[in-house]
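Each of the next two complexes has subunit A plus one more chain, namely subunit B in the first and subunit C in the second.
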Partner chain A sequence: MSQMGRSIPRLEARSKVTGRAEYVHNMRVPGMLTAKIFRSTVAHGRILSIDAEEARGMEGVYAVVTGEDVRKIIPNPYFGPAFHDQPILALDKVRYVGEAVAAVLASDPHIAEAAVQTISAEYEELEPVFDEVEATLPNSPIVHDELKPAGTFADLKHLAGRKNTNIALDYQLRRGDVDKAFAAAVHVFEHEFRTQHVLHVPLESHASLAIPGEGTLTLHTSSQTPSFVRMEIARLLGWPENRVHVKVPFLGGGYGAKVYVKVEPLAVALALIVRRPVKVALTMEEQFYTITKHPVTFRIKSGVDKDGRITARKCDVYWNGGAYADIGPRVAQKTGFTAPGPYDIDNVSIDSYEVYTNRPPAGALRGFGVPQLVWAYESHTDLIARELGLDPVEYRRKNILRDGRPHATGTIMKDAGIDAVLDRIAERMNWSVAIDRGTGRIKRGRGIGIGFKASISPTTSGAIVNVSADGSVVIFTNTIDMGQGSDTAMAQLAAEVLNIDAEKVKVVHGDTDAAPYDMGTLGSRSTFHMGNAVKLAAEDARDKLVALAAEVGLPAGTNYDVQELFRKRYGMRAGNIVGVGSYVPSYTPPDPKTGQSANVTPFWMVGGAGAEVEVDTETGHVRVTKLVNVADGGKIINPKIARTQISGGAIMQLGFTLTERMEFDGGQVTNASFADYKIPGFRDVPPMESELIAANQENGPFGAKGIGESATFGVSPAIANAIHDAVGVRLTSLPIKAEAVLRALRAAQGNPLAEDEE
Partner chain B sequence: MSETRTIRFTLNGRSESVAIQPHWNLVELLHHFGLTGARESCGQGLCGVCTVLVDDVAVSGCLYLAVRVDGKKITTVEHLDEGGTLSPVQQAFIECGAFQCGFCTPGFVLMTHQLLARNPDPSDDEIRHYLSGNLCRCAAYPEIVEAVKLAAKLQKQAR
Partner chain C sequence: MIPFDWVEPRSFAEAVASLDPEDPTVRPVAGGTALMLMMKAGVFTPTRLISLAQIEPHYSAITVEKNGALRIGAMATLSALEQSSAVAEHFPVITETLLTLSNVRVRNVACVGGALAHGDPHMDLPPLFAALGAKVLVRGPAGVREIDVDSLYAGYYETMLAKDELIAEVFVPALNGAKSAYMKCTSRSADDWPALGLAVRFEVEGHAHIRNPRLVVSAATEKVTRLTQAEDILKNAEADSVVLKRAGEAAAEEVTLLGDAHGSASYKRELLRVYLARAIRHALAGKSAQ
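After this line comes the complex of A and B, so read on.
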């Protein structure tokens, strides 16, 4: 039976419903100390002194550690995937409120926490900068004295040594002649859109447990990227990688919060200083000071000809990266080049700036910046269609980027079902039939949004498939199952090759001593990259089994019993077959000046949404009455799990659209808890339809590709476009709370709320 | 930090007695027994991840002081498959794929047990209302509603 397209339950389903699934959050080992963190109360300042005398004297406190203590064992204690800019504990300066300044270690976490409350620090306060556009202006305060690219990514090396700037990456793309095209355009449209500061809040906060050995180290960590954690820890310590063993059980959610390194360097430094196991497990509040999603300002300008064709598009995108670069510069580039949207435009100019500010660091969050861009370009596209008096769906069809046509990078589109996704949204929305516009104070409207994303390149994945003498199969992979179902998907892919049932396959994930390198579980890359690696490893194992059959004298093509094969070879039940697979897709780096590349991504992700809304014109309250989510996921490995990725991604984006916003007061987050930061609950889920179109990704494993982010793309603009359709006002900032809608309605009526009057 | 106090209670059907610190919450008490199905997440009683049944009533383990279970009966998610057979609710959650990362799942499973004990045939709206105190960041909400309905059906068949 084919294993592709089978909706088997997750391999680990039983352990999850019985509460026995393993998470680092739950781990404890004998002799373990718990760390609690003292954090900065100022957004930008020089550290003058840290007073931890009282804490050190408290009964039960094992140690108090500061940045200077860390520097004694790690001389250059700065980490990060793109830049080596983040100190393990603050050194010399603090750059945001909530930055880790000191750590208290105790066996009893309550004692550590009480001791933290007694620590104080003195700072010489410096002027902070919070806004991503202001931070690029000539007289802005400077967050980092000098740019320190990590060297990991070739496209960031040119930034080394730059001073007196907050721009951590200035990415650009030039195609055609934008100025000429604007001059020739019949219509020119220009808008600015903004997004707010939000964050992932996986219900399992970041947790790392470091256990020192004799010149070795074991690190249990809630990471999406065990291979990178090992490399980065080894680099910080100056150790060979084989002395660092990183293990990752299941994650209680990731969504990008747990990529690259977060609390791992701190856990390791503390464990090595005190030579005991140390656990760093953040609270929910501390997540707000750890990693967030980039707020964005996006200025977008389009030139349109007499037939409504978009002939030119200029994109200026400012990414608020916060105080440390994390993976932000890659967001500005890898996502930046999709800023013009899935449209066929001959003349394109993109400037995308990763900007340091004194806010908490921003990194990757489900979509890697794409949802912020789609929010802007699909709102903009809708405004153009409205202005020209054209139907929004028809207008998109006229301009959509189809397979065989070049993208703004010059890469020819392939296996990107943009038009197919658009068509299915329109069908499911019954777009050709007018809707009831509502009566009285309740007005109804509908809108759509569609987006796309390139996969991260160039990256690699390796996998091992072991066949034991009893015929049972184990996959060794460093792809982490954080809820997306990767263990199950990998089992189905290997089982398809080996012609066995996927339920019988065991997956060992997240073990750097056992499984080969993987770039990371991120950017919807695992199904494609690791899927290809697992498929290759399984094929290698299958070929070796065939060779073994020949060796023991079985005629080719015989339907043999695997157990019999091993018995014949070894004279007893013994031995095993190891299949290895490694996958590196082809890639052409973009020209640094023009962004042009013949092969910028191994595959495209496509997703879109349609929304129907009711707007209460007296209160501004918006109710989503229908949400349609459609994505191109290539061939689907496990339809049931895939659909939950689509609906789950859409609901998450619904929170970022309607309710979620980190509130700040002078750099201080003022709503760092679920009491005041509203993520979607049961009552916030609208009537939804989710669909994966029938498609095929030619170079994917059995035609499959990633889908984890695709459903986030279209939700925000679909809702804003629907609100515009219902009541004629345009929201240009997220989130769309009732208050914002009401202000816009009142302004449009010439009756603004008192505080909105000029 | 402070003096210990000995409490007695029934934990998943067994009598237990243990010396605890008076500031421990119920989640910490359970971790002491190696039971980690109830997990502290938001720490404010807002997410339901730490749900535990005390005398058959669901409480937020992160806000419930351990001393209060003295003389009471505690049931955790680990008790539901006693003897190795999954409860109908657990079976239904698997059948419907009603979770992703699984971190919040024990809370949802326990709340569903309590819901079905009180209302064996809940409507969609009653399900959503009853479970609105539990959060799932992976947002498996549509599948959870299906799972609760299937669990209700399985329970009815079992009777």
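After this line comes the complex of A and C, so read on.
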């Protein structure tokens, strides 16, 4: 029976509902100390002194550690995937409110927490900068004295040593001649859109447990990227990688919050300083000071000819990266090149700036920046259609980027079901039939949004498939199951090759001593990259079984019992077969000046949404009455799990659209708790339809590709477009709160709502 | 969290005796849903908590009397109140309010007495009980007294309760055919604290002639507040759109509304205007209790 397309339950489902599944937060080892963190109260300042005398004297406190203590054992204690800019504990300066300044270690976490309350620090306050556009202006305060690219990525090397700038990356793409095309255009449209500061909110916050050995180190951590953690810790310590063992159990959600390196260096530094196991386990509230999603300002300008064809598009995107670069420069670049949207446009200019500010660091969050871009370009495209008096769906069909046509990078589109996704949204929305527009205070409208994303490249994955003498199979992989069902998907892929039931496969994940290198469980890359590696490993194992059959004299092409095979070979039940797979797709680096590349991504992700809304014109409340989510996931391995990725992604983006916003007073987050930062609850989930189109990714494992982010793309603009359709006002900033809608309505009526007096 | 004493008295009297009016770090705890948030946030650090979980079981009783009045023991959980068929029959407005009060996990442990004694203006039951004309029976070392819920609140998180007094019971007079509604408006997620809470109770003659209106606003104000000027407009008036509009205007003028993360003060003024009319209409349309 084919294992593809089987909706088997997740392999780990039972162990999770019975509480047996392992998480770092639950781990305890003998002699373990818990660290609690003292954090900066100023957004930008020079550290003058840290007073921890009282904390050190408290009964039960084992040690208090500052950045200077860390420097004694790690001379250059700066980490990060793109830039080596983030100190393990603040050194010399603090750059955002909430930055880790000191750590208290105690056996009892409550004592450590109480001791943190007694620590104080003096700062020479420096002028901060919070806005991503202001930070690029000539007189802006400077967050980092000098840019320090990590060298991990070749395309960031040119930034080394740059001074007196907050622009951590200035990515550009040039295709055709936009100026000429604007001059020739019949219509030119220009808009600015903004997104707010939000965060990931995995129900399990970050946790790392570092256990020092004799010249070795074991690190249990809630990471989406165990291979990178091992490399980065080895680099910081100057150790060979084989002295660092990184293990990852299950994650209680990741969404990009746990990619690359977060609290791991702190746990390691503390453990090496005190020579005892140390656990750093953040509270839910501390997530607000750890990693967030980029707020974005996106200025977008389009030229349109007399037939409504978009002939030119200019995109200026400012990404608020916060105080430390994290993976932000890659967001600005790898996502930046999709800023014009899934449209067939001859003349394109993109400038995408990753900007340092004195806000908490921003990184990857389910879509790697794409949802911020789609919000802008699909709102903009809708405005163009409205202005031209054209149906929004028809307008998109006229301009959509189809397979066989070049993308803005010059890469020819392939296996990207953009038009198919658009068609299915229109069908499910019953778009050809007019809707009831409502009467009285309730007005109805509908809108769509569609987006696409390139896979991060070039990246590599490796996997091992072991077949034991009894025929049972184990996959060793560093793809992490964080709820998305990757263990189950990998089991199905291996089982498909080996012609066994996926339920019988065991998956060992997240162990750098056992499984080969993997770039990371991120960017919807695992099904494609690790899926291909697992498939290759399973094929290698299968080929070795066939060879073994020949070796023991079984006729080729016959069915044989695997147990019998091993018995014949070894004279008893013994031995095993190890299949190895390694996958790295082809890639052509883009020209640094023009962004042009013949092969910029191994595959495209496509997703879109259609929304019907009711707007209460007296209060501004928006009720989504129908939300259609459609994505292209290639061939689907496990339809049931895949659909939960679509619905989950859409609900997450619904929160970023309507309810979620980190509120700031200066640099201080004022709603750093889940009583005041509101993710959607069950009563906020609208009637939803989720669909994965019939598709095939030619180079994917059995035609599959990633789907973890695709459902986030279209939701925000679909809702804004539907609101415009309902009541004729345009919201250009997220989130769309009822008050903002009412204010826009009243302003349009010439009866604006008063602003509060201070 | 610094260690503290946890006391579990077996009787209400013993619980009262365990309180210390001179020491703000000694507090009673019922369901603990609000207090735990304050402790987690570091806003409150107790030295001693007096758990009311083990006091006499009759403090959890919910009884509808023959005349239709309701008595709720202070330790009745919100779930128990929500699931009481007698309450659903005689006070459908209470059942309706509870269905969207926070979430089921909170309702399963939070208690009615705690919901009234906490003094957070964003809670749903205080304005509703105030509109229904409810009283709390309070017991302290000096004995028992009654306080009307609409005068229970002194300010933001402040009540008229002495530090050694506990709410024992809530008494809600019979509706006797009166109409009532509670409407809340959240501006972020549906389970958020409200930007505005509005409770109404009134009697009706004929189609929409209003007698004895009681209108109470919360969440947007510093404390649970009667809207007396709006009540005056509705009193003995026909609840048509002109009167409802005037009442809404009066309500928006007579109270100080506070701007916060839920919305600006001027936005809440709009909400109050709009929701006042909606609450009256909702009550008029709703099924009247026996």
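The definition used in the following text is that the second predicted complex is superposed on the first by the 755 of 758 C-alpha atoms of A that agree within 3 Å, B and C clash if a C-alpha of one lies under 4 Å from a C-alpha of the other, contacts with A are read in each partner's own complex, and residues count from 1 in each chain.
The criterion applied here is as follows: a residue touches a chain if its C-beta (ideal position, glycine included) is under 8 Å from a C-beta of that chain, and two chains touch if they have at least 3 such contacts.
Only a predicted model underlies this, so the values are computations on that prediction, with no experimental measurement involved.
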Larger contact residue set on subunit A - subunit B or subunit C: B
First, second, both or neither for A:Ser205, with subunit B first and subunit C second: first
First, second, both or neither for A:Asp501, with subunit B first and subunit C second: neither
Touching partner for A:Arg683 - first (subunit B), second (subunit C), both, neither: both
Touched partner set for A:Glu54, first subunit B, second subunit C, both or neither: neither
Partner chain in contact with A:Tyr255 - subunit B first, subunit C second, else both or neither: first
Partner chain in contact with A:Ala13 - subunit B first, subunit C second, else both or neither: first
Which superposed partner A:Gly648 touches (first subunit B, second subunit C, both, neither): first
Subunit B versus subunit C as contact partner of A:Gln484, first or second or both or neither: first
First, second, both or neither for A:Ala675, with subunit B first and subunit C second: both
Set of subunit A residues, in rising order, touched by both subunit B and subunit C: 110, 114, 673, 675, 679-681, 683
For the subunit A and subunit B complex, residues of the former touching the latter: 7, 9-10, 12-21, 23, 25-26, 28, 59-60, 108, 110-111, 114, 200-205, 250-255, 283-285, 482-485, 640-641, 644-645, 647-648, 651-652, 673-675, 679-683, 685, 688
List of subunit B residues in touch with subunit A within their complex: 1, 21, 23, 31, 35-39, 41-44, 46-47, 49, 76-78, 80-81, 86, 90, 93-95, 97, 99-106, 109, 128-129, 131-132, 134-144
Subunit A - residues contacting subunit C, complex: 110, 113-114, 117, 618-619, 621, 655, 658-660, 663, 670-671, 673, 675-676, 678-681, 683-684, 737-739, 742-743, 753-756
Sites on subunit C touched by subunit A in the complex: 1-3, 37, 41-42, 100, 103, 185, 187-193, 259, 261, 263-267, 270-271, 274
